[in-house]
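After this come two complexes, each holding chain A, first together with chain B and then together with chain C.
Now for the complex of A and B:
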């Protein structure tokens, strides 16, 4: 693999046969590696789709397809059973939470990051330092008390959905780094020009900066929308054992939590996984460009 | 160790330079930590001086101010009201009334504050006391320590907010007097409202995010820090302890001494888990980092076709919610999973020898530990590939061309151009991803749940596993065992570890910048 690193820049001048041949060999090796990698990365997803169509047995199996020891039966029963179980409820719960979080969290993050990027006020630096230090506490620590408080307010256990919305959204101001980095790249002279023309600060934000910030807005919405689909621990702690208020992560994990559950629900879990993954993946692939921009920008700025 | 000056350092051989830098880095750690502590000291000194100055100014304003100003010391907003700033005055007044009402009502601020030192004395009685008049058992409502602590903290926050507002009120009077003395008009309520979308727009924007952070992050953290000094836990019957009290440093002692209550030793468990947490964070961060760069370079190489296809395949893993891929991969490597089936089919192992990837306790769970790191590579490479691709494209191509002309080999180009450039740009990212991995709950909990069980380190009924991180241990202490006070202690210790690492490494980052030459 090391050898290929050199190939980043191949001088055009020295194009004689020896180098060409070496290049072809190294490219072939690279193709082999890339194909192997693609297989490794795709295999779990292929397997999960295949297993989601297995009707019998419903438990785990060492074999993907029928084997002399066991013969499988195939069909759509898992998806039908999924529809009959609590799964649609979980799906709806997660979807509602994700929509709400996507909207509110985006507003909050944009407020925070835009302010920290554009305004210079006395508490700005202390605030940023303080949030950095706050971020060093494990978030799980706050879970214990938030659970108790939400329970007292009637927003935990069977009513966990609004409670979870509140918790996901409340502290989202701390995740301002990526979009602040983006706002920093929009030249300040734009603001100043508009201010000279008599625009208020609010007008500058809504009429000038936001239209320019479309990529980062989409990135924020995308990440905010996707996070609740995967949140597991917080939801589990706050919901307790109330299947009607589960989100998909807690519900699907519950199907695999004991060995008895696994033997009954394993293939149903696979079907559930496919149903959850498909829309999120399609959305993600469509908006990939914005995600890549956000991630790269965020890492560069730290 | 011996300290070299710059000339001496340059004369050293390559290997010696490396050893010297390595040693001096570790030698400087105590100093950095000491500087950090000094920084904290300076911070508090600054706050002290600030408060003293404020007090002086408050006194000054009182002595110099007119009767309106003086009355404002008692009735907030009086100065504003009498000087025609109705809106501001009413806000101040309203705040003061709300504050006073909250403090004096029964079960109000004063009540909670007075209960705070004891956290309540009357324990709730199960069946209640026998009442001879009613000839029945009357259940007594005991004190609820949780509520006392919660509302106590809330009240303290409220008092701080009140003092801050009161100070703002005093300052307003001073400023108003000064403005009136120069003969200019004061700002009207309309001006104030307009400035909220203009000059003070940042206050409008920050109001909601800050409120959320204070209520849902700062206050819970303060509360949980306080819990570390109490004995708040779940009772044997599974109900939360309603009456707990302050225990001082007992919990920290229990966590950090060799023989705790009941002969259990938490410090051994803590040390073992901390060590694994650091090892895990190191490998999880750096394997992803370097392999991610490699993959990005492979895809970026000139002459490789279908670049978009390769990238999309990898990006799929980011798109699919992590819990699905983690749970599924965990089942793939199960004893009865597909991987074992594959190995059996290939005749590499007998069916009876199926490998228990997550439960093999040999060599203190080495197999499971390696497996979580490997699966984490699978999870993490696509992400790093994206980041690295973006940065690699930004490296000026002429750097490579001039290196080529100078006859630099591919490896040399990588170690002298690509890597320094990457490290320079992604230094802060590496740090955050290291601390993020230390607290990477999902990967560990969904893959192994902490398994395989570490019999030696397990205390009481909460089993500790070989792959447990501090964060999953914290979760187990709170969730399975209900020992909230120990969970808080672990949380505080995690904070200290993360803070120390950040402090030490952050000092290192600029030095990385200086030492790497970009030719």
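Now for the complex of A and C:
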């Protein structure tokens, strides 16, 4: 009896060990691939950061793996040069645009999402379909006509900053999908309970829905801030050659627009890149925990 | 404290589905009214129309003599408890209960007094600083009740408040609600699909089906004198047995003849038939399972046992007659010998009978009670 037992157990054990070993091998392969991918992904960032601290003799800046004969020293010169240039102006332009867009777009998107999630009106479904179809046209299609319109309004070229704000904010209502989807998951009975408790629709939104929708509010703010912060194509087209109205992306690109400029400005450009990344990085670090934090537990019977 | 009056209230949804038809009801001050019916009968919709959460398609709702059709929920002076509790998950129990008071801009010390007082009554004081997610179902429902309590509103609405609780907790909370009702002494409208809840809690029951009121009456009235076949089968568990039979009249006395037997209609029911001089005809006869008794072999109606459900204090015997009509009989186990209890298996022949005073008579076409107008 005992013999048959152990005989039966042995192949199972072997099989078990086999699975373990196979798991280990596949995990190792996966990790190697992932680490390699991470290195490839990180190289440009490392290059920019490292290069931003290298100071070359005038006109001699090169890429990360530069000629060994060209000597350099480490220092903050690039950053100091940055602030002596037009860069602070560009930075301010971008910051004003992005902040304005982040605030206005977030308000519009959240109101829109709440309305579409909670109210039922005749044109609701046709409107959502219409916006879905409209959203399928690439925004670039509108670029030429937008330029003309803004120029006529006096909001292009040297006045591009308010013009860009207008452009970025204009269609923000159409970005309601993600937050509407989130609002839909918040039970309607919470709204109803609050309304019976004496809240107005606005109080329901601000006191009940938004605190529960923190992750999606943060997401909306971040995306609303990021788009104008890093935009190049639209800004470049609308601003033309008016350095006072550049945003950082256009300004930094301008430094590298000719090959002669590249040698001159490359390290300064890298320093600019690092400075541009700072606020976004801080924003992400501060707000990322809300992405994962679930707050709706215990609201209603699951 | 307020009366609630619904006049010809109607709910038609956008897709033309009519959820509630011409609902007429007068609810007295401090009355406890229960809307009961199967799902989709319009009971919750009616309650939500009173609350202002659902638009009223036609008719009027009055609270304390004021038409509230166009008032927002917050202006109707009502409190409501939801089936799924609807607690604000980002607030503590204290903040949940205090929410409505803060919206009224009540001073904090008064809020504190009210909240702690409500928590004391409901036994949730130890949990005041917890978030709803850290509470059990029963505790959450108490918080929901507490939130409604502190509003001290004119009408207290409850939408299936016990449906999400397990059976034991439901019984406990039912008793709590009865006690709460005595303490609050206000007008209650309570929605449930559970006829036991309706029977135990209500001053008056409103039984609904497909958007129509089937009967309005006290629990005893609905149980003893169901207005129609639907009410007869809905109120009481297990449901009333219905048999197609003939009502005959011999020498001034009425008899029914179910399954070849002949039973005289006695008591109040017999008198009522005589008084109304009901025509002998084919009828639907209703007898509650608890009113059927076992008879000696050879007497009464001969049936065979199909299912024997042991409920502890009683047996629910599902039997079938010779023409395959299914009937249910409730037999208290105390009346049975040990032999009888063990011998009741599938196919066992059983003779059953019932008294003439426990019968209900319904018209086969209109399904209305023959003894009611």
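One rule holds in what follows: the second predicted complex is superposed on the first by the 230 of 302 C-alpha atoms of A that agree within 3 Å, B and C clash if a C-alpha of one lies under 4 Å from a C-alpha of the other, contacts with A are read in each partner's own complex, and residues count from 1 in each chain.
Throughout what follows, contacts are C-beta pairs under 8 Å (C-beta built on N, C-alpha and C of every residue); 3 or more make two chains touch, one makes a residue touch a chain.
Please read these numbers as outputs of a predicted model, since none were measured by experiment.
Engineer: Quick one: classify A:172 as touching chain B (first), chain C (second), both or neither.
Structural biologist: After superposing on A, A:172 lies in contact with chain B but is clear of chain C.
Engineer: When the two structures are overlaid on chain A, which partner does A:141 contact: first (chain B), second (chain C), both, or neither?
Structural biologist: A:141: touches chain B, not chain C.
Engineer: Touch test for A:246: chain B only (first), chain C only (second), both, or neither?
Structural biologist: In the superposition, A:246 contacts neither chain B nor chain C.
Engineer: One more residue to check, A:212. First (chain B), second (chain C), both or neither?
Structural biologist: second
Engineer: Using the superposition described at the top, determine whether chain B or chain C touches more residues of chain A.
Structural biologist: B
Engineer: Quick check on the superposed pair: does A:31 touch chain B, chain C, both, or neither? Answer first, second, both or neither.
Structural biologist: The answer is first: A:31 touches chain B but not chain C.
Engineer: With the two structures laid over each other on chain A, which partner does A:72 touch: chain B (first), chain C (second), both, or neither?
Structural biologist: In the superposition, A:72 touches no partner, neither chain B nor chain C.
Engineer: Of the partners chain B and chain C, which touch A:200 in the superposed model: first, second, both, neither?
Structural biologist: In the superposed model, A:200 contacts both chain B and chain C.
Engineer: Does any part of chain A touch chain B in one structure and chain C in the other, and if so which residues?
Structural biologist: Touching chain B in the first complex and chain C in the second, residues 200, 295-297, 299-300 of chain A appear in both lists.
Engineer: Sort out for me which residues of chain A touch chain C in the complex.
Structural biologist: Touch list, chain A to chain C: 120, 187, 189-190, 192-200, 203, 207-208, 211-212, 295-301.
Engineer: In their shared complex, at which residues does chain A touch chain B?
Structural biologist: Touching chain B from chain A are residues 1-11, 23, 27, 30-31, 33-34, 37-38, 40-42, 44-45, 47-48, 60-64, 67, 108-109, 111-112, 114-115, 119, 121, 131, 133-134, 136-146, 148-149, 166-167, 169-174, 200-202, 205, 226, 229-230, 232-233, 237, 248-249, 252-253, 256, 262, 266, 269-270, 273, 276-277, 280-281, 284-285, 288, 291-292, 295-297, 299-300, 302.
Engineer: Chain A touches which residues of chain C in the complex?
Structural biologist: On the chain C side, the touching residues are 14, 51-53, 72-74, 78-80, 82-90, 99-100, 103-104, 131-135, 137, 140, 147, 151, 164.
Engineer: Mind listing the chain B positions that touch chain A in their complex?
Structural biologist: Result: residues 146, 150, 194, 197-199, 201-202, 204-206, 208-210, 212-213, 215-218, 220-221, 223-224, 227, 240, 294-295, 297-304, 310, 312-325, 327-329, 331-332, 334, 336-338, 340-341, 344-345, 354, 378, 382-383, 386-387, 389-391, 397, 400-401, 404, 409-411, 413-414, 418, 425-429, 432, 435, 439, 441-442, 445-446, 470-471, 474-475, 478-479, 484, 487-488, 491, 494-495, 498-499, 502 of chain B touch chain A.
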